[in-house]
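Below, chain A partners chain B and then partners chain C, in two separate complexes.
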Partner chain A sequence: MNGQTGTFTIDIHHVTRVEGHGSIRIDVRQGVVEEVKLCIVEANRFFESFVRGMAPEEIPWVVGRICGICCVGHQLAATKAVENALGLAVSPQTVLLRKMLNESQFLQSHILHVYFLAVPDFVGAPSVLPLIKTHPEVVKRALRLKKLANDYTAVLGGRTLHPMANTLRGWRRLPDLDELERIRQRLAAALPDLLETVAIVRTLRLPDFERETEFVSLTHPDEYALYDGAVRGSDSGQPVPVADYRQVTNEFTMPHSTTRWSRWHRESYAVGALARVNNNVDQLHPEARTVAETLGLRVPCFNPYMNNVAQVVEIVHCAHHSLSLLETVLDGGLVEEDIGFQPGPGRGVGAVEVPRGILFHEYAFDAQGRCCDANAVIPTSQNINNIERDMQALVPRMLPHLSRNELTLHLEMLLRAYDPCISCSVHMLEVDYVE
Partner chain B sequence: MKPRVAFFDFAGCEGCQLAVLNCEEVFLDLLEQVEIVEFREAMSETAHRIDIAFIEGSINREEDAQRLRDIRARSRILVALGACANMGNVQARANFTAPAEHFKRIYGSADRDRVQTDPRFWSLWAHTRVRAVHEIVAVDYRLRGCPMVAEEFLQLVKALISGAQPRQPANPVCVECRLHEFECAFDRGDTCLGQITWGGCAAVCIGQGYRCDGCRGLLPQANLAAHRQLLSERGLSDTDIRNRYRLFGSGEALGEEQRP
Partner chain C sequence: MVGLGSRLGRDDAVGLLLAEALARDPPPGVTVRLREAADALTLAQDLLELCGPVLFVDAAALDAPPGDWRLWPESALALKRHAGAVSTHGLGLAESLAIARDLGFSGTVHLFGVAPFDLTPGSTPSAALTRRLPGLLEALRAALNRLTGAS
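Here is the complex of A and B:
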């Protein structure tokens, strides 16, 4: 049944295969779209409030619990913010190890999203499970790649989820060089698997939909910015220092709702893999640039479904870049460093790119060195405004051509393409009015 | 018939479900032995009858408690998966502050007032208290820790499939430190909750040069008074001790019995 002219409501309650709880509601009256809303129904856990009173080194350890899938990113953003607050110096060795730790999470998260959460839509399966029978080689490759990425994190951080070897200023226990060498060998041996991943994604037919928006990401003069840099918006030439992040995120409350949304130079902006590739494409590893060309990702690219493709491009980038970082560490070795510090008062901001986009943390400490203020701006909460505007643009365009089920699928795919992490979105304050 | 297994998430980081997906080596074998009928993070289907339900996350609102009761009603065995489900985890620390104060700190006074006075917000935002799963429904088995330990998960699933009685010895983390010959955190000049905390984690944090913060919960036979005394002798003030106990153990009101 194509073409919707009646009056109806589509209510996709608790969208599946996304991290956290969200719902989509569409109201159509006499064939006219009255409202498209993305409702966040996740329970609030009040991290920014209850971390008050904690010691500096406890902050990254606890706020990593905001999200399992982005735990490394939350740890790193918080670590940098606390270090900035207390004026703590960090060695080049520590920066190198943190870049690797961050990239290991990019690999893990992007592989999980592309294979487990996104691919099933494109082959018409409700989950990855039926693919075990129909596409066993795909599932085995996905598990192999994911295991490698998880082991990479574990070798660096002590375990895959909520790692504890890394802390303020450096590492409590340095990674074992023999284990890093084995990761290097496995990563080098996995490059053909990555090409197979590219080949699969090349066969996926992505919906043809574009809406121009601003892309916001870190940018760095010397490298494809994932761990460090200044904040760049594609609508403006001049990057903004991370400490001034509130100029960028401009969190605001809509009169008709209480979600805290973000906007910078225009009504909304997007963060994440597609934003990073759009902003910093020239700094991608040459192999990753080739993959972008192979998959038809040409900047500027305004099709949000292409975020899946941008993730594959970044998987290839992180694999090659990690190989060179691993070689640097293996050639130079690692030395034990003094990571002690004196707690005291101060305020600081830290930002990193995490798989879903730019992540900001800010902390303040009192004279006793106890946390007295905290703020985090999460990629998904920055994207929510942009996602809802995409949906508002998509629904009227697709309504005459798609059945209700197809439209539902397209909207779920759109939401999943952003790889939203709703557990992370502690800043959401929107109500699901559905009875 | 294969046991029908389902996973449900409440307030938490979903890391324990991720830890299940991370059992890559045995994942395909496991799927030979069980039928996964509900797993929102990874699939779209839902089920009406469940043999083993895994519950992740703490229960923060009444609507979540209702959903949990519904799951209990259609499940034969219910397992609390991870620290949030078992004891409220880090977010239970929020219980010591009024919800209105949390709202004010995070969203500002205007939004706090709106959430409290507009009835449309109440069902989702009426913040009761961070509760563990067993405070609302009967729990048959517990998988502790933040995150849960994959080996324990697999052992439990295997035991339940074969009808064996799962074993979870009540040993402190210290037993595992000695087994792995890790240097005691106290000997390194740090302080540690290993003596009073359920083991089963292979003392992984101490092995990585950190300390135990008690994410697996208070051991039934733990001598909390002696532990408090030990921390005090190491120079921790009463505030320090309370803060330490409240990192992961707020839901168990660890150390709250001696509050003035």
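Here is the complex of A and C:
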């Protein structure tokens, strides 16, 4: 039965295969959609509160614990913010290692999402587990790639989860060059696996749905911006310095959500792989641009389900770019650097692209060098407003044609396409009450 | 031998501590790996790469006093399944084994489980467990010798 007639409610509690807890509620009266809400029900995390009083070097390691998937990104954004606050310069070697560390996280996260969270939807499986029996070679490939990415992070950062090697101004313990060489060899040997990944994704039939929105990402004149740059919105020509991120995020609250929402030039904006590819496609590695063409990703692309495809494009980009960075490091070697610094007062902002989109951290320090203020704006919280508006546009279009079960699946797929990290997105908004 | 656990749950680190101690002087023919806070998918890939008999070492809920240990073959294990897990975060050792088995892993698996004294949040093991570590390491070496036929 299609859902176009009657009065009913679809309530999807705890959407599966996303990180954290979110619910979708749809109210239909006499065949007319009255309300579509994406409800975020996670409790607040309070990270910005409990870093207050901490020393500068402690902050990146603590806030890395915001997330088990984007731990590298939180650590890097915080490191950059603290360095900016204290006026600390970093060497080209450190920037190189941080870019590699960030790309290792992109590989980990995108492979996990594409293979284990998104693909099951497109082959009618409830999870990856049934695919082990029907598509064992696909699952083996996914596990191989995921393990390689994990090991890449571990070699650079000391361990896969919450790496500890990166710190203010540099590296506490430099990566072993022999281990980096083995990673380079494994990454080069994995390129055929990436081509197989592209071949699989090419067979997937994505829902035909578009809604124009603004795409926001870092942009950089010299490279596909993942580690550094200014903030670009597709609705405006002039990038905004990272320090002015509040002009971009314009956070506000909604009664049905414990996460803050964002908007910039229009009612909502999107961040993430699709936003980055849309904004910076010309700077992708040539192999990644070819993959984008192969998979039908032509910019501007307003189909949010294509975020999965954009992730595959970025997997290919990060693999090839990492090979290049690894060769640079292996050719030039690594030298121990002075990572000492003098704590003091200051305020700074740092931003990096993480798999789910642009991530901002801001910290202030008092005269004793202790943290006195903190703020973090996470990609998923920037996307929630856009996801709900996608759903509000999708439901009336799909309602006449789909059963309720099919509509439920499409909405879950839509939410998953953004690869949300809901528990990361939950933090407090400071509200001034005026009496 | 694969040491499992987390260093942020006090005695949950026992598998890692024993693996580190064993790695300093590993028994002949035994490869030691540490998997700190490892996800189920990574562990499944580990098993596929190992292709041989595996002994996991971890803190475990035992019907025994804290500090005691037990050695089980896989067939006797009652690992908690997470069939209702809404994300890959919820998958555990049982799912790692199931995935690896379905993908062709055929090695024998044993678990050397240690009953913890304290699993509250904290980065140091309990004093009681720390005192037991030498004895546990001795028991672990004996178990490995039995499993590898070295004794």
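Assume the second predicted complex is superposed on the first by the 418 of 435 C-alpha atoms of A that agree within 3 Å, B and C clash if a C-alpha of one lies under 4 Å from a C-alpha of the other, contacts with A are read in each partner's own complex, and residues count from 1 in each chain.
Note that a residue touches a chain if its C-beta (ideal position, glycine included) is under 8 Å from a C-beta of that chain, and two chains touch if they have at least 3 such contacts.
Note that the coordinates shown come from a computational prediction; the quantities given were computed from them, not determined experimentally.
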| item | value |
| --- | --- |
| Fit or clash between chain C and chain B when superposed on chain A | clash |
| Chain B versus chain C as contact partner of A:44, first or second or both or neither | first |
| Contacts of A:62 with chain B and chain C, given as first, second, both or neither | first |
| Touching partner for A:150 - first (chain B), second (chain C), both, neither | both |
| Contacts of A:165 with chain B and chain C, given as first, second, both or neither | first |
| Which of chain B and chain C A:362 touches, first, second, both or neither | neither |
| Partner chain in contact with A:71 - chain B first, chain C second, else both or neither | first |
| Touching partner for A:129 - first (chain B), second (chain C), both, neither | both |
| Between chain B and chain C, more extensive residue contact with chain A | B |
| Which of chain B and chain C A:139 touches, first, second, both or neither | both |
| Set intersection of chain A contacts, chain C complex versus chain B complex | 14, 16-19, 21, 68, 112, 116-117, 129, 132, 139-140, 143-144, 146-147, 150, 159-162 |
| Touching residues (chain side chain C, partner chain A) in the complex | 36-38, 41-42, 44-46, 48-49, 86-89, 95, 98-99, 102-104 |
| Chain A to chain C touching residues, read off their complex | 14-19, 21, 68, 112, 116-117, 129, 132-133, 136, 139-140, 142-144, 146-147, 150, 159-162 |
| In the complex with chain B, residue positions of chain A that touch it | 14, 16-21, 41-50, 52-55, 58, 61-62, 65-69, 71, 112, 116-117, 126-129, 132, 139-140, 143-144, 146-147, 150, 158-162, 164-165, 167, 171-173, 253, 258, 260, 423, 426-427, 429, 431-433 |
| Interface residues, chain B side, partner chain A - complex | 9-19, 21-22, 24-25, 27-28, 31, 36, 39-45, 60-61, 64, 89-91, 93-94, 96-97, 101-102, 105-107, 110-111, 114-115, 120-121, 124-125, 127, 130, 146-147, 204-205, 207-210, 213, 243, 247 |
